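First chain written, first letter: the chains are A, B, C and D, and each begins at residue 1.
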Amino acid sequence: MTAPTRGYTASKDQLAGRLRRIEGQVRGIERMVDDDRYCIDVLTQISAIQAALDKVALGLLDGHARHCMKEGAEAGRADEMAGEMMAAVGRLMKRG
Amino acid sequence: MTAPTRGYTASKDQLAGRLRRIEGQVRGIERMVDDDRYCIDVLTQISAIQAALDKVALGLLDGHARHCMKEGAEAGRADEMAGEMMAAVGRLMKRG
Amino acid sequence: MTAPTRGYTASKDQLAGRLRRIEGQVRGIERMVDDDRYCIDVLTQISAIQAALDKVALGLLDGHARHCMKEGAEAGRADEMAGEMMAAVGRLMKRG
Amino acid sequence: MTAPTRGYTASKDQLAGRLRRIEGQVRGIERMVDDDRYCIDVLTQISAIQAALDKVALGLLDGHARHCMKEGAEAGRADEMAGEMMAAVGRLMKRG
């Protein structure tokens, strides 16, 4: 059985690498808290993670729009998939 | 030598626990990508992490405002620290 | 000459009404400032306007995805339009 | 009876000017919709308004932290006011 092709399949290694780096950034914040580092410096690192996650999210949306929505359109599901993507964009804008 | 007291010192264990859970959520996304899960489901998890990070950031800001800014005010650094906190809020609003 | 059809053409009156209400909300904040109202109350109103603008933006994106991108796909411009839409989503997430 | 002094009192004219410009930007979007302008161009203008509102909000927060919170601290209301300010920051981060 083959794996399904997703919007991120072509850049899966790059995506995996970005997520590993974000995991490392979160661990870095855990160490900062363990070392009683200054609140504002911890907050700056949190903002950096948020920016990195936004970048990953935009990349996923882009792949989804280019690949999955094209497939969806061919399968007559364009409107359904547009609605689904907009719900995802809304959650990203409101952050959860 | 004693560790410096920070705005989060009183709730350091809770903060550390939250960060470990966020680290686990990031690893969960790495597995989802490894398993070729649907783009929209990955995006939903990213939004959940962003919401969890926002909650951590607000908690840090709150402790900073209550504890560090009080100390800062007593040390005549109220304005400097207000400026510093606003810069942090600005980065959180723009996400990095 | 006829007007171009946009993603929002079918709901243009509703969109115009929403924008007029947002304009009224901004004028409301101008009055609050003129009346020396409490900072936090002014900020609450700003958040309400931000939420209303986000709702308008999501509606525009949704119409664009359903209508314009379909047209674009038929004209062989699917990728170009996906990139353009993602740039718009990125600006909304970073807020300008 | 004198007007209460707020965090924005010293820069009230500048704030009022910014709000009038934002009101003008909203009216500009109303005209764009009336003229059936391209969805993406309307979205770009919405992002510009969000950025302008963020700037106003940060200015208000800054004045509040410098002026009102100092008064609050002197009146023994530092914690209460920090909580109130964090609630406002939370609404701005979630946008309403």
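Note that contacts are C-beta pairs under 8 Å (C-beta built on N, C-alpha and C of every residue); 3 or more make two chains touch, one makes a residue touch a chain.
On a predicted model such as this, the values are computed, not experimentally measured, just so you know.
Compared with subunit A, the chain whose C-alpha mean position is the greatest distance off is D.
When the CA atoms of subunit A are superposed on subunit C, the rotation angle comes to 180 degrees, reported as a multiple of 5. Here the CA centre of subunit A is 23 Å from the CA centre of subunit C. Centres computed as Cα averages put subunit B at a distance of 29 Å from subunit C. As a whole-number value, the distance joining the C-alpha centres of subunit C and subunit D reads 18 Å. Counting partner chains per residue, subunit C shows two or more touched chains at residues 54, 57, 61, 85, 92-95. Only residues 54, 57-58, 61-62, 65-66, 69-70, 73, 78-79, 82-83, 85-86, 89-90, 92-94 of subunit D touch subunit B when the two sit together in their complex. Those residues of subunit B lying in contact with subunit C across their complex are 93-95.
Of all residues in subunit B, those touching subunit A in their complex are 3-9, 12, 15-16, 19-20, 22-23, 26-27, 29-30, 33-34, 36-40, 42-44, 46-54, 56-57, 60-61, 63-64, 68, 84-85, 88, 91-92, 94-96.
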